[in-house]
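Below you will find the structure I want to go over with you.
Chain naming follows the written order as A, B, C and D, and within any one chain the residues start at number 1.
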Amino acid sequence: MATAVETHETDGHGDHDDWHHKPFSAHHFENAEQQFDSGKLGMWLFLVTEVLFFSGLFVAYAVYRANHPEVFIYASQYLDKYLGGMNTVVLIFSSLTMAWGVRCAQLGQRSGLILMLSLTLACAALFLGVKTFEYTEKAHKRLLWAGAFVNATDINKSLGTTKRPGNHVFVVEKIPKPPETFEERMMVSLRAIQRFWGVSMLIPVLLVGLGYRFNSRPTRTIGYAVLLSIGAILVGMEASIQIHEFQHGGAHAATGGHDADHHEADHQEAGHNGEAGLPGAHPEHSVVAGDIVDPMLSELTSDAEPKDLKSLSDRPRNANIFFSIYYFMTGLHAFHIICGMIAITWLLVRSVEGHFRPDYFGPVDFVGLYWHIVDLIWIYLFPLLYLIGN
Amino acid sequence: MSDSHDHHGFAHVMSPAVLLAVFAALIVFTVITVLIAGSSLIPPGFDIYVALTIATIKAALVVLFFMHMIHDKGLNAIMFVFSLVFVALFLGAAISDTEQYQHLIKDFGQANPDSMAK
Amino acid sequence: MATASLPAHQQDHASSTNYLNCSRGFLSWACTLDHKRIGVMYLIGTMTAMFAGGALALILRAEHLTPQATLPGITHDLYNQLFTLHGAIMVFLFIIPSIPGALGNFILPIMLGAKDVAFPRMNLCSFYLWVGGLIFFLTALLTTGLDTGWTFYTPYSTNTSSTSVVTATLGAFILGFSSIFTGLNFIVTVHTMRPPGMTWFRMPLFLWALYSTAIIQVLATPVLGITLLLLAVERSFGLGIFDPKLGGDPVLYQHFFWFYSHPAVYIMILPAMGIISELISTFSRKPIFGYRFIAFSSMAIALLGFLVWGHHMFTSGQSEMVTVVFSVLTFSVSIPSAIKVFNWVATMYKGSILLATPMCYALSFIFLFTIGGLTGLFLGALATDIHLHDTYFVVAHFHYVMMGGTLVAFIGGVFYWWPKITGRMYNEFWGQVSSLIVFLSFNLTFFPQFILGSRGMPRRYFNYVPEYQTLHILSTIGSFLLGFGLALAAGVLIASLFSGRRAPANPWGSATLEWQCSSPPPLSNFEHTPSVGDPYDMNSVVWDAETESYVKQQSSGGHSHVASAH
Amino acid sequence: MEKTLFFPEQVSTFAGTVDSLYYFIFWLSTFFFVLVVGLMAYFVMKYRRVEGQTPSASPSHNTPLEVFWSVIPGFLVLIIFGWGFAGYMDMRSPPAETYEINVTASMWNWNFKYPTGAVDNQLHIPVNTPVKLVMRSQDVIHSLYVPAFRIKQDVVPGRYAGMWFQATQTGDYDLFCAEYCGQKHSDMITKVVVHEVDASALTEPGQQTFDQWMEIASDPLQGGKIPLAQAGEKVVNMFGCLQCHSVDGSQKVGPSFKGFYGKDVAIKDVGNVKMDEQYIRESILEPNAKIRLGFEPKMPSFKGSMKDEWIDAVIAYMKSIQ
């Protein structure tokens, strides 16, 4: 071998020793910058795959909207643009905290990073909480995807098994109505989940205690971090419940105002959760109890102001395609939020442990990029789904 | 090599002022887009274009500042923009095709109203 | 990192340790982060999948000996499941992962002069996703089978089929992510891990091909993911996007599906073309002719491949205007492919051609791929495609491209890099015999299918009209010979593990970097930093009788990396 | 035109265009194939490696040459495209006056309905007359393919599909389903029968003109001139019932017609039901209303296409093959 080569090798070893004594440095990279650049390029490429992954849904949306604009104008009025707008603000705020968190990580501000990540996590939980109430309300009104109006037994079968009988039999039959107290049950389960989360706080508390008892710093820090994550999620959840109750409690005052009209039926129900269980006690159910053929029709029979409700003859063919697209797009987006929450929790644990330093903050940056792309998708979903028609 | 030992030598740090300004702009655009949706300011049929334009401005702000693209390596930006080109291709072909054969589906639906779900 | 933490310089004195014997035990393989071991696991996995898919193909061919049911027990249903699984296994489990996953993983970092791919954990994850996809497919196979064809066309797949569509769909979904991870890793590795001196235009053409492939994998595969997810949800809950009875559009499904699956054809063929560029150059002892044209044609194919998916839908009810546009775009892809073929042939001009086994496979490739490519012209032209679409002509065409092209190149590549991977030389004579049998029997199998197709024999037929029988019999005879030829090739390779002589570092005289490390390579790939030079400068390697190997010549200016690094 | 090595006989006006384009591409491809493989073989022989002899230098690239062989194929494929485009537009542009036939594809049967109300599971068309098919599918995607006509069109459920052609010679030709459609895809084969229009041109006994065939097909009962059971057998054949039902007691996709009438059988979710006139009529019009145990609900409805008196004939036929 030529001497030039060996000289170079010696140089290389110098770097290596320096480089490989640092924590979190991977052996096959030459230095921190190469590791960071590789990670960043990898993350951007992953975002590219995310964009193309979602593109399928945007194409489906565009194709159906271009060909059936009336479906979108008709069906989107069942979405609450103020709830959607609020969720948009929540996500944008979480983007800000995430971007700020990256800044903190770059500057080595440990407590700032922890605060920012906790805020981001809380916003994510708040977003999902609001989404849960939106879904609940729609499920209650049976504003569902197209196939949900196929023979109900067919749906049940398909839920339980991958097999389906021959051809669809498109006889719209009696769909078993969700229990009258559906929403109440939802609230009960949400509270139960909250309690569960609350109780699960004992585990990190225990970890912290053990950490002090046995003077184990990692145990202590992990405990604190998990405690923080659970706390942040709890705060977000509680906020969404408060928003829901505020919206439904306070709407009676706002008569004839903004979009309260198509919520009318729901307000009443929320206001009288106790009696709503009785068939006949509610105008919506008095007519259609048991055998709703067309869920969107149910609104017609309520005492909501008819001027904003379309009659059956106005209802475009295949209007439920809109809800198919709505559930799939927002559902997949929500799944990405959940993945992001897991990643942020992981970051919280590591930042409490103090892993991130000005020369090693890649993971915060990469999760941040992911979180922003999730925000970005919502920025498009919001006007496309909630703000249609004039 | 030597750069990497400087503080944050391989990535730009966003200043709080920029972050807050971008956040404020995003909120303002969100409020605008909600307020003008459904208003009579926009001629019918144009609402989607207005909404998408605002969304694109918001998206650009997020990508450029929150995602640091404005200070990032050109390669990363190229990769990302490249993906949008392919989305456009996919979208364009699918829409232009389905629009052209749509009459066959509509005619069929009118002639055979029972064949499809309501 | 545990298995790979030994710094390179500590191994200088231990050249007998290599990536194969540096650690032992099942876990040292199952948890390895070493790209070479992952490549070997991929090699074993994809080869197994190939023989499984091939066995199904032989049953299908035997069934066609007579126009009606031939084999006892093979019914309409079973036949439909067999051809579906043959297609699905060959596409998703073999052809797409084979060259990038097995040879790409093993060769790419070494050829580039890197220690590993950029994300070794993701690389291992990619392999396990492949295994996961395999398990889903096996589940589908062992439960109710799958009878939709590998394309899962709606509404048959969503409403009517009573087979394990969702299981298989999820399997393909998972395999999609396996493919994305490999592609993502390769792009980042090529961009950020090139050592000093390895400029873009010093990259061997196999790397250009893998890089182009990776672009398709990253851009197209997510669309397959969302399509299959939509399909699974459509089937399970009745989403209505693709189901005409709920207001959906089955033609839209075909757009979604082919937006991925046409570029996927180039995921299959581009790496194969990369292998051929290496083989032709090495065994002609000539720099590749028109390096830049070949490199750019790989990129061109990768990008143009996205513009032509509609040519799978000329008869599907796609609108006339879009059909015409896709037809004209389709022809654009033929140009870069033609450039490659011409350049390969020109490389051989005035060369010093050695008909070693890999070269025999490479020449077969040129022969078969030329037929495969040229028959694409019949299918790109609208008037003829209307007649030929969904007939055996199409079957013959894509087997010429994918099997005559990709599979033959893959085997050629395995023979070529076998000494590097295993450290053993195979038996040259029997290797050549296998290539001859594969070449002849391949043509016997698939050439008659062109005639069957243009005479009107539709594909995916269990029973057929008796006038087609003679050609079917020829094809079936060919297929069994082909199976024998491939088994012989596998036998030659496996036998070398037990009786092959020890391989030198550079048995072929190639100038690319992977031949500068020992065979098999050490754990960290290079005991000495390789000297990066022109990858096709054959004059820089000379035969060294003492080591019975080619060695890098000292005075040929090969150390230019030092100059270019500063 | 007789059958050739590559093609079935040419029976439509499109066939000539398709075949000549095919042969153009074929000879062009052959030229390039021989060029590439010939040069390859020549180089292999001429430049075989001789040990110890280094190859003489040769250019590593030649840009004009490479541009040349990139551009020439470009022009050639444009010619191919233009030719194919012209042929395709012919196939997609039916003349103003066509004879229109409605086609319904279902698993695994073709059903052709003529303007006179006649129905058949074979496609009968007049020679030298432009014919337009308006096609629909009842279940999955099928594809109507007549190799002798060189035409093919997918039939997608939920929409109309159209195609036209003009047959140039009489005879029986294969009609295939070319898009995979499930279990018996390969049995979804029927015939196109091209009839003479002019009675004086009939050459062989037993041949019918299109009108003669139509007269019989429009009225399988032949005005009551033949026994009802015999008419029923005709109806059963017309509608392709035997694709899924046997008349010899063997089980196909659906129950056999033999030994069927008047028996009690178990019905899914209902119990035992007697197989009487009422049941048969219902099964033809609303096939999924009562599904026999052990069978899948796969039968398409014949409401609107099978006339009432034809159903009576089918029932009479079933009674006759007890």
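Rule of thumb we're sticking to: contacts are C-beta pairs under 8 Å (C-beta built on N, C-alpha and C of every residue); 3 or more make two chains touch, one makes a residue touch a chain.
Quick caveat, the model's predicted, so the values are computed rather than measured.
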Centroid comparison with subunit A (C-alpha atoms), farthest chain: D
Pair sharing more residue contacts (C-beta pairs) when B-D is set against B-C: B-C
Interchain centroid distance [CA atoms averaged], subunit B/subunit D, Å: 46
Averaged-CA centre spacing for the pair subunit C and subunit B, given as whole angstrom: 36
Mean-CA-position distance for subunit D and subunit A (Å): 50
Averaged-CA centre spacing for the pair subunit C and subunit A, given as whole angstrom: 39
Residues of subunit B touching at least two other chains: 75, 82-83, 86, 90, 94, 98, 101, 104-105, 109, 115-117
Sites on subunit C at which at least two other chains make contact: 159-160, 162, 191, 219, 223, 240, 244-249, 251-252, 255-256, 317, 320
Overlap residues in subunit D, where contacts from two or more other chains coincide: 139, 158-159, 161, 296
Footprint of subunit D on subunit B - complex, ascending: 101, 104-105, 107-109, 112, 115-116
Parts of subunit D lying in touch with subunit C, wherever the complex brings them together: 3, 5-8, 14, 17-18, 21-22, 25-26, 28-29, 32-33, 36-37, 39-40, 43-44, 47-50, 53-62, 65-66, 69-70, 73-74, 77-78, 80-81, 83-92, 107, 139-141, 143, 145, 147-148, 150-154, 156-159, 161, 174, 176-187, 189, 296
Subunit B to subunit C touching residues, read off their complex: 75, 82-83, 86, 89-90, 93-94, 96-98, 100-101, 104-105, 115-117
Touching residues (chain side subunit D, partner subunit B) in the complex: 136, 158-161
Subunit C residues within the subunit D interface of the complex: 76-77, 80, 147, 149, 153, 155-156, 159-162, 244-245, 248-251, 284-293, 315-317, 320, 323-324, 327-328, 331, 334-335, 338-339, 341-343, 345-346, 348-355, 363, 366-367, 370-371, 374-375, 377-378, 380-387, 389-391, 451, 454-456, 458-465, 536, 539
